[in-house]
Amino acid sequence: MYLEFGTVLAFTILGIILLMVALWLQKLLAPSNPSKLKQSTYECGEEPEGSAWVQFNIRFYIIALVFLIFDVEVVFLFPWAVVFRELGWLAMVEMGIFLVILLVGLAYVWRKGDLDWVKLNMKNARGRYRRFAEDPNSNKNF
Amino acid sequence: MTNLTSLNYLQPELILTATILLMIVVDLFYSAKKSRRIGLWALAGLVLAFIYITVSGFNIPTALFLGSISSDPFGIFFKVLILLATIMTILVSFSERDLSNQRVGEYYILLVIVTLGLFFMVSATDLIMVYLSIEVVSIMSFVLAGYLRGNRRSSEASLKYVIYGAFSSGIMLFGLSILFGLTGSTNFFDIRTGLMELQNGADLALMLSTVLIFAGLGYKISAVPFHYWTPDVYEGAPTSITAFLSVAPKAAGMALIIRFFNSILGGEGVFTELEWGTFSAIPWTQLLAVLAAVTMTVGNLIALRQTSVKRMLAYSSIAHAGYMMMALPVLSQQGVYGIMIYAVFYLLMNLGAFYVVMIIANATGQEDYDQFRGLGHKAPLLAILMTLFMFSLTGIPPTAGFIGKFYLFAAVIKAGPSFYWLAIIGALNSVISLYYYMYVVKTMFFTQEKTSITQIEFKGISILVIVLAIPTLIFGIYWTPIADIVHKSLAIFIR
Amino acid sequence: MIIASLFILFLPLLAFLIQIFWGRRLPRQGDFVAIAAVGGTLVIALGMLLAILLKFDPGFQREAAFEWVNLGAFQIKLGFLIDNITVIMLVVVALISTMSHIYSTRYMGGDPLYSRYFAYLGLFTFSMNGIVLANNLLSLYIFWELVGVSSYLLIGFWFQKDSAADAGKKAFLTNRVGDLGFFIGIMLFFTAMGSFNYQDIFNGVANGQLSGIMLTLAGLGLFCGAVGKSAQVPLHIWLPDAMEGPTPVSALIHAATMVAAGVYMLVRLFPIMTPDVLIIIAYVGGFTALFAATIAITQNDIKRVLAYSTLSQLGYMVMAVGTGAYTAGFFHLVTHAMFKASLFYGAGSVIYAMHNALHKLNDHETDAQDMRNMGGFKSRMPITYWTMVVATLAISGVPFLSGFISKDAILAGTLAFAGHSPQHFLVPFFGFTAAMITPFYMLRLIYLTFHNEPRQTHIYIKIVESPRAMTVPMIVLSSLTFFAFYTLPQFNPFAGNGWFTSLVTAQDSLVTGFAVVSAHEFAEQVHHNHTLAMILSVSLAGLGILFSWLFYLKRKLSADAWAQRSGFIYRWSFHKYYIDEIYDRFIYQPFLRLTDKVGYTDWDLYDQKFIDGFGRVSEKLARLSGTIDWEGLDKMIVNGIGRFFQRSGQSLRQAQTGRLQNYLLFALLAIIVILIIQVL
């Protein structure tokens, strides 16, 4: 048993050595000719504007989360779509339930106002932003 | 059992799921003020599930969903317990002052989701299911602990809880993965078979895995040394949630520990027989015994020095986890029996004590001992009820707590001389706990009035306290019905 | 039947709970709740009585039990046993309790703790019903103690008075002495039979599981309980003092029901008493009957006379059990409950009138209970007078009244007893002598209170008849002394086959290994002696009445002169034979000295040295543990390992508070430590 772990250890050490050797070799062989363009961060061919370590608006996270959920939904849908003829009505109903649950989530997000990007017009604010709209001093960190 | 037929055994969980979805939808149509009504929906769903479970009663132990969860009287017993705790929590939340000035729809929704998670926790027989259910419970608890958004302590509690929870589940996951690596299966029973086929050389890995997994489970029942989150979180969270966390996840954690160790490390032992029989390759029973002793000692000693009654109760809940753990390493059916009886009584008395604190906190805004000074003169009934709960938590007859402790100690002593030291430590701890519990009583009755309470309203939560006090007293005198139910629940799924 | 008895048991408890928690807030301080509850029990009890009368089956029995404790090998079941005796006793308790409640609404009216008083009465009724309904010794014992508690609370109800508080304590402590024996007896039975249930114990005795000297000891233990509760010599001292309690309480608890509990228990358990125990019982009972009667002659406090009379009558009942005529004893219990409660209500009525009169006169010196301050009240309080006269005649054993039938049965029993064992001739002697003294002192009470010219005219003119809430219970109970209530369907005071005697029949003794007389045989002997007993008792009662008439009404003989002439006998009787003083000298004082010694050892040596030391050690431990938890965590790990952690994980640190880090680290360290220990 310990021997098996020993193999693992040996592999780990070997892997590290191989990596080091490879890196060392490329450093040895490759010509080093840095330029400003080469060293800049790649950002879709555009010149980067400032550091990437900036504070993002919290709304990005919410949108990203919501996107993630509905993106993953598709992962479930594809395999089902391939075989749903064989599985029959049961699978149809099950997938229906799954989608309904997701829809409830969507409705929740929508109602809470997390899908609204522009909230500058506080008169039309919904959900948790309404309180702020009514009394701007009540809760600043929404 | 296949997935579809398994659903027949899953109706309570389905009821809860439907309730959750319904509550989310309904909440969308309620204004902030009306959002309290979501609690009524939650209550309806929980009561429905409760009725369903109690009416359908115990069944023959069965494996569901291809062995990933099981349905057995043992699990059903804890589900009933969890449902009771959640129902009480929702009832008291209606009158919790801290919650009164914000939107509370999600609060109730989260509580029901925790309940659902706990349901799966007590019936999981698969490592994946164990992990998933613990995560469901934990993540929802993080949010609940931090539900008081304007309150810094609540937010701090939540953050600490998140990180500690993530840490523990990470460690546990590591342990689970080793177990999977050793045996190639995630199912408890396959793992047991696999472990028995292993050569002796795997002991070290197995032990590592056991310790790591216990770190995760110990965090759930706040066993020392994995208890550090407990006081901070208990203090910061809304009191109703503190009471809930000190009871329901703890009971579920105990259930999971019993099931896990019984199914995997219990060797060929069968629950229905008196002895478990142990998987003797690693000394995990000694580990549990030592941890139980340390847990109750540390919990009690630190509780001695608290100035806040709520924090004192938080530490004392650690000690009580220790008492319950004490009956685990003796590996007897009687031990499990004692733990289950104790879980019932602990639910009653601990919720009761927390709710008295909550009444005081609602009236004064603080939970210090100072607020209890002279309570015996200002609100004699409340003080008497608190005294009853304190007596019960100490384990003084004729209260339910005494009966619970009696069964625990009886199980330990019956296990033979090698466990006498544990029983002695337990008894010494009871003496230590007497000091700080009685200090509450002394503060209430024998000190100058200082409490700023003028009038305790006799409604809502007070009635609930009385409802909890009556069985605390009655089960101290006549506990046969509970003992019978527990006895019938002593059937666990074994393959 | 069982459901009905559940109501009977728990209605008073419910009333108690309502009264104790909300009594003060209810209108009329909630007395109607208490009256409704006991009234309900009376209705149910009467219904049950009707049911057993319709069945008319001497062997009627219903039993229900539930499992209280089940620890595998060790099980305790509690439950109810309902037979004819139970039902009759329930009716007695419910009736007297109801009457006392009604009576108290006026007698206790205006008391600052009015609602509390009714709460205690409810607690008492609950506990007493519990005793009556018990089917096992354990619940009997529990309720036995509960009546003790409620009796204590009610005797000391006016706890501002030292004498009342002391009397309560005395009653409680004296009962403890008896209960110690009682408990030992119960435990002897339990260890032998493994059960508390009456039937199991009966079967066990019949099978010889407990026999010989041990059975005698166990029976004596049970009898000790009865001696305490039914105030037999030598534990009788608490009952006269218990008269410090409110009079309705004296009527209910210290005359009719609780003190009869000892007799009730003996009646229930008669079949397992060995002949040796029975002889002791007979002597103790007979002696008490005579002893108390001789004290009653010389007392001047109206309630104390009644208290000693109660002692004497209880002695009768106990003696009846001892002689084997235990059904007669139970019969006397029932009839005595009626006339003695009525007498107490009468006395209460007089005291109430005296109090009001003294209050009007602004007189706080005169004793409202001293008969020497009374006299001639007959014309002022006719209802009280006549009900008391009827009850007095009943207790005196005058024909056509209930006391005659029951006392007669007991005396016939003593004759039969002496018939088959002539060496115990003293027992009938006690009985018959007491039968002569009883009418003497009872009529003395009547004459001193109601007849002749008033001794204190200024008080006399202020005396008025008591209100209806007090007179009605008196009328009801004194009318229940009419013989026909107990002999129906026979309308003949000498008939031996009324419903009562037909339904309550004697059981054979179950004791093995002793020569015992069978119930049938005994009944034959009683039958033979019946006429003789009747003639003797009537003529002796007549003699007592005659002397009383000569002494106190006609004054042909001077009581004072006779008291002078009898010298020390009078003084002894007046001072209750100095029993209290003897106990004080030989038991209390030595015990107090012993307590001092023990107290010194316990406090100065044990507590200060050992316990406090223990406390100090655990406090140190607590401080140590706290230090490890806070100081160790905060300082050591923050400064030591924390610095290492800081350097290695700058980015991680941003997401964590300082403390949490330590928590995690500590947990991790713990895991490692555990692992190392496990490996080693």
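Order as written gives the chain letters A, B and C; numbering starts at 1 within each chain.
Just so we're on the same page, contacts are C-beta pairs under 8 Å (C-beta built on N, C-alpha and C of every residue); 3 or more make two chains touch, one makes a residue touch a chain.
Quick caveat, the model's predicted, so the values are computed rather than measured.
S.K.: Look at the interfaces B-C and A-B and say which one is made up of more C-beta pairs in contact.
M.R.: Greater number of contacting C-beta pairs: B-C.
S.K.: Taking each chain's centre as the mean of its C-alpha atoms, which one lies nearest the mean of all protein C-alpha atoms here?
M.R.: Closest to the centre of all protein C-alpha atoms: chain B.
S.K.: How many angstrom lie between the CA centroids of chain A and chain C, rounded to a whole number?
M.R.: Centre separation, chain A to chain C: 81 Å.
S.K.: Mind checking the centre-to-centre distance between chain B and chain C? Centres are C-alpha means, answer in whole Å.
M.R.: The mean C-alpha positions of chain B and chain C differ by 47 Å.
S.K.: Roughly how many whole angstrom separate the Cα centroids of chain A and chain B?
M.R.: Here the centre of chain B sits 35 Å away from the centre of chain A.
S.K.: Where in chain B do residues touch two or more other chains at once?
M.R.: As it turns out, chain B has residues touching two or more other chains at 204.
S.K.: Please output the residues of chain B touching chain C within their complex, sorted ascending.
M.R.: Interface residues on chain B, with respect to chain C: 156, 159-160, 163-164, 167-168, 171, 204, 207-208, 211-212, 215, 219, 225-226, 228-229, 282-283, 287, 297-298, 301-302, 304-305, 381, 432, 435, 478-480, 483-484.
S.K.: Where on chain A is chain B touching in the complex?
M.R.: So the residues of chain A in touch with chain B come to 1-2, 90, 100-101, 104-105, 107-108, 111, 128, 131, 139.
S.K.: Which residues of chain C touch chain B in their complex?
M.R.: Interface residues on the chain C side: 21, 66-70, 618, 621-623, 625-626, 629, 655-657, 659-660, 663-664, 666-668, 670-671, 674-675, 678-679.
S.K.: For a test of understanding, state which residues of chain B touch chain A in their complex under the given definition.
M.R.: Answer in residue numbers: 4, 21, 24-25, 27-28, 32, 103, 150, 199, 201-202, 204-205.
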